[in-house]
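Starting off with a structure, shown below.
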Amino acid sequence: MLRKKEWIAMLLAGGQGSRLYALTQNLAKPAVPFGGKYRIIDFPLSNCINSGIDTVGVLTQYQPMVLNEYLGNGQPWDLDRNDGGVFVLPPYQKSSGSDWYTGTANAIYQNINFIERYDPSYVLILSGDHIYKMDYEKMLAYHKEKGADCTIAVLQVPLEEASRFGIMNAYPDGTIYEFEEKPPEPKSNLASMGIYIFTWEKMRKYLIADANDPNSQKDFGKNILPAMLNDNQKMVAYPFEGYWKDVGTIDSLWEANMDLLDPKVPLDLYDDSWKIYSRTPVMPPHYVSNEAEIQNSMITEGCTIDGKVDFSVLFYGVVVEEGAIVRDSIVMPGSVIKKGAVVEYSIIAENSVIGEGAKVGQRPEDAEDRDQWGIAVVGNNVKVGKGAVVPPKAMLDHDVQGVE
Amino acid sequence: MLRKKEWIAMLLAGGQGSRLYALTQNLAKPAVPFGGKYRIIDFPLSNCINSGIDTVGVLTQYQPMVLNEYLGNGQPWDLDRNDGGVFVLPPYQKSSGSDWYTGTANAIYQNINFIERYDPSYVLILSGDHIYKMDYEKMLAYHKEKGADCTIAVLQVPLEEASRFGIMNAYPDGTIYEFEEKPPEPKSNLASMGIYIFTWEKMRKYLIADANDPNSQKDFGKNILPAMLNDNQKMVAYPFEGYWKDVGTIDSLWEANMDLLDPKVPLDLYDDSWKIYSRTPVMPPHYVSNEAEIQNSMITEGCTIDGKVDFSVLFYGVVVEEGAIVRDSIVMPGSVIKKGAVVEYSIIAENSVIGEGAKVGQRPEDAEDRDQWGIAVVGNNVKVGKGAVVPPKAMLDHDVQGVE
Amino acid sequence: MRENKVMGIIFSDMHDSALGALTENRTTASVPFGGRYRLIDFTLSNMVNSDISDIGIITKSNYQSLMDHVGAGRPWDLARKRGGLAIIPPFASHGGLGIYRGRLEALAGALSYIRHNDAKYVMISDSDVIANVDLRDMVKQHIASNAQMTLLYKTITVGPDLKGEDLTLMTLDEETGDVKDIARYASAKGQQNLYLNVLLIEKTLLERMINDAMSHDQYSMVRHCIQPAVGRMTVKGYAFEGYATKIENMNSYFAAHMDLLKPEVRTELFPKDRPVFTKVRDQVSVRYGLSSKVGNSLIADGCIINGEVYNSIIFRGAKIGKDAVVRNCIIMQNTYVGDNAHLEYVISDKDVLIKDSRTLVGYETHPIYISKGDTI
Amino acid sequence: MRENKVMGIIFSDMHDSALGALTENRTTASVPFGGRYRLIDFTLSNMVNSDISDIGIITKSNYQSLMDHVGAGRPWDLARKRGGLAIIPPFASHGGLGIYRGRLEALAGALSYIRHNDAKYVMISDSDVIANVDLRDMVKQHIASNAQMTLLYKTITVGPDLKGEDLTLMTLDEETGDVKDIARYASAKGQQNLYLNVLLIEKTLLERMINDAMSHDQYSMVRHCIQPAVGRMTVKGYAFEGYATKIENMNSYFAAHMDLLKPEVRTELFPKDRPVFTKVRDQVSVRYGLSSKVGNSLIADGCIINGEVYNSIIFRGAKIGKDAVVRNCIIMQNTYVGDNAHLEYVISDKDVLIKDSRTLVGYETHPIYISKGDTI
């Protein structure tokens, strides 16, 4: 009954994201807030709808409820469709038994039925922890033009950093002849971005073969791609230019937010022709009092600013009281920085309270031991008491008593 | 941010429904088609929206995908809401580990977070395998009027059948003083319909206590309700009058469909003030040719009838070819009864094909051995070959070769 | 951002006067058809099934029933955050008189809607053609042939197919497919290329033409836009080969319904992969009583059939009483036909009540029309 | 089927003439307010937050901007399959002139919409009051007091609160709360009960009154419906104690914005459990540059602030250039204020361009208004 779709996207929302520990205690990594109004998943989802993809499966088994409620009917991303839309796909019991997802390839394999409902010619595989804007339609055109079985988006990285990535070695026409996972001596600087387009018929075959292979780790990068390359399937590298950042660690998440304050960074959120959509509660415009000072920062609806905000990103509904200082930091939705508190080089997660006169984080230049310095993180719903001190690099997931 | 809701509903969509075996091979029981245009779950869902409930959690771990896709954004039931709506809630991994649902109470327990988002005063517990129309709002008014902690909807059954049900023994004012599960000598004829309203605060307490009890089976009927009764919580029986049918077996599913053809059965689907909503594909009106004969039957959009249909319910998109006979049967969406085939006392599931001249099922009066007689069932996507015979009481889940 | 994007414009009421009583309280677009549809469902579904998802419906008056029917566009998946369905009411941009003399003038009122869209092409259509057309093929031909306008037409034989009353016909260059002439003919004969009032045009060209027309007080699409372009621009025809019929008057309305009883017409109009969407009414399956007899008829959901029905189309929620006989009729929504009533060649509009034992017999060329809500 | 169900009717354009330039291309209902809202958002959200989910908006003309704003009603969760939001256009049921002399006459055009709803009560409201009212309390009082009509009012002191220009004021019986008199006064003084043009009435009674009015060529809600009922029926007042202000003219529009800068007003207007919903525009957070200075201002998302802003309300997507100074201003959506510009007491409508180094200085009682799209 359903019309055939040219392509659909499957988004690997991944597991707990343990490197973001305090931020992902109760939610999947793609639901982590980013950039004042967004959550990480808004970027691939908005890219999908802007690229003309109207069906997206989101694969997750870790705390899917927050994602489920965030995505809801898909309306904020215009993915509220009669035929298609956005679906959260957790593992389920079948009459033949039940399984948690055991790898990225296995997660797709377990949802072959979902994919086949739409009878797509191509399937786009995305992951849920990258910040970037990309027209996948151009990548699909490239895939078709090259007659590829699999197209992998690649980014040119500085050669000296290439050993941190999965590197694609390709002929000048784009055809890949070799992968190297974090090679000590990289032969090229084309790093995989974890974005693949597969011709579905081929992909289906390799997914089934992989599922039957007891030695496979059921992983795209480790199993599916090498198997295809081995079989001389046509695999090509699609060069991407522009801003792309993996936000899987505290440092990279902090950096990516700070990048928004840097006019030289090529991630334009103001471009009306490629909007990033999100679901946010409706709040009045933010209020800035006569006592406030704000410089080089982003401030969002529902905030009330009486203190000083400098080089920081404040999400919706944040309160900065009189005399408080927020500097080089990220304050996520609904958190309150009380009078006289100082927040520096920190990430304050949602609905937390930094008590009067408390100190969270520190500038690197003020740190006694630079090796022990790092971004301080205060988790969701955490209360830092009056006058308490949260040192740099802390990962706070519980309340801290005040100091009288 | 969310407004407090007076009440929400949690629908226990249950497991595989193994007694419906061939019909639930690939879908959860609540998704089984019923009455020409509906699926079983349409009844409790429509009751909810007609009773003013706008938030429904559907708890399932068996093949949730079909349910997920069927419910989609909830729009057909007007449950497409910014704040609330219908959610399929499968089990998930938490940072503290992961569990499949181990019982009805455990399923609710695992979703306490979901319920608390809406901060309800009352929670309505429903199950997904009953056909009935009921104004839950009246039951809630009764619950409030009686000052109850838990209200259980009860149906008067003939005393001789009462030993097949969970029986509530209550004082004349409705207060329950005793439960008996399938009592050999029932003291009353008030059978539990599996519909409960709990005052949430109380329910929450008992769910948590039950979760910590290693000897509990995590079941509402076996554990939560007895525990509350033991503690002298106020439990009342709410008497329901009207049509109510458990469709958990092949026979009862067949009967409930046949009931629609009986003008004396008080289940009025034509009542505009209490519509039953469903999601159906859009198809043209059904066509009846000059060769057709139809008597006392229900026929749905998209059907093409060239044969004889008698005392039967045909779902959308069914084809009955010339000379074919469908009698005392249920034919689910998209199935085809080929030329000269005879289908009697049968349930043909979705998208199956009954080949030319094949015979499925038999009238009881024609059966050689009446004890071996029963409704024949042909599962989803099954092909019965030309001239093949499917005997009564068969449960066919695979193709049958034709006979030349 | 989407390459070669096409937006749609639908005129909802270009033929109101021709349809007489059927459009007394509704636009052409919202005239009921085929048991459960409205005329506009075919045009809307064709566009949606052809990946056109930004669609403006131009209305003049009488559009409450149209708005009730299309709502926010949900059944066609046009309830979009960006784009989707838009009703362009008469007061939109010009004077406020709410009347226009022709399609080109009507488009002027939709100019700002058109201008704000990021489409490259505009598909402009009336809403009086019953056909299931894959417009993607027309778009493909338009692009491949570098046409500036492409006109949808069907080759018909005037006489049997259509009565030849005031048709817009096209002459085509057989080799190039270029349109050589297009004009209205009151009395054409033989094989002809009938313009189906569906035009594909580049958006910037359309905008220029609308502006030109406004400056020169011109209003007719065919006379002031297409005819002057023939010979000066690349104007191509796109031939539709499948079943198509125009609803021009009560007789063609009746005939189109009789066509629906042919299986080959239904196959062409309702293919599985290009469904005709319409508003959902959550009706129950049809209930046939013990004494029902039905032959060669289409019956929509929600009906209760206790009598006899032959060669007829019965719309949603109609009730046919015991021993009633309905033959060669179009019975619209919620019509109640009493016991023992006898109807032949009757078109009953919505909510009509035919009392027990009434007899109404028309003739094929003169079906009896009963107005909405009447009691006989 | 829902007991004591209330439906809503909102007049979108009762005050168009009073608002002058602000309503040149829009209805009162769609006048921008408070950085990201339109006037109707307050009335719509009050209804929705009070469990009123079937709402008809009555329009006359100029309603394209209103339709753009409310769309299918999604932001208010009114995009419902049953009920939800309905736009009732001028041509709906009567003659077709599309004009009405008063609220009662306008309701006549909505009569069939009202009649088809299964509500027991109708809440009828204008769209020119800025307030966050829990209307459930008003409904409760209405039912408990067995009133036939209940009128929402606020006790004000004419002079400081309002200028007393042509206000509808009520006299109440202090003991019973019955309305003893209601009338328009051009020059009232001191403490007065101001009718906020929100009326709750039983639906059957309203239908009867509309029919009566149509028969007698009556059109005014207050004069032909409420005044005759006073003394003859149970007409009660419901006192609203919180912040409420009527947008009567450009001065009260300006003053209402200045009120928003007071924290206690914002607390009353934007409580967390009764949010004011509005259309979502997916704007980015506000970007403050290195040289920005802001005091006592409200700034909506999507703005870029590089200059100085004091005592002002800046709507979505506005840009304030380097070294520009904006003081006591209302800067609407997408206004661009150039570098070094200097603005005081300016109301700039949408899409205005203030070039670099321009100076515009008005006075509190005479703010300078700049029309939509103008360049200075």
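Annotations for the structure displayed:
Labels A, B, C and D are assigned to the chains in the order they are written; within every chain, residues are numbered from 1.
We take it that a residue touches a chain if its C-beta (ideal position, glycine included) is under 8 Å from a C-beta of that chain, and two chains touch if they have at least 3 such contacts.
Everything quoted here is computed from the prediction, not taken from an experiment.
Between the chain pairs B-C and A-C, more C-beta pairs are in contact across B-C. In this assembly, B is the chain whose CA centroid lies farthest from the centroid of chain D.
Chain A and chain D have Cα centroids separated by 41 Å.
Per-chain CA centroids place chain A at a distance of 47 Å from chain C. Counting only residues that touch two or more partner chains, chain D has 74-75, 79, 275. Of all residues in chain B, those touching 2 or more other chains are 1, 75-76, 80, 277, 281, listed in ascending order. Within the complex formed with chain A, the chain C residues making contact are 1-3, 49, 74-75, 77, 79-82, 118, 272-275. Within the complex, the chain A residues that touch chain B are 1, 15-16, 24-26, 61-65, 68-69, 72-75, 80, 85, 87, 89-95, 98, 100, 111, 113-114, 117, 281.
Here chain C touches chain B in the complex through residues 34-36, 74-75, 261, 263, 266, 269-270, 275-278, 280, 282-290, 292-302, 304, 309-310, 313-314, going by the rule given at the top. Of all the residues in chain B, the ones that touch chain C in their complex are 35-37, 75-76, 269-270, 275-278, 280-290, 292-301, 309, 313-315.
Against chain C, in their complex, chain D makes its touches with residues 61-64, 67, 71-72, 79, 87, 89, 91-93, 96, 98.
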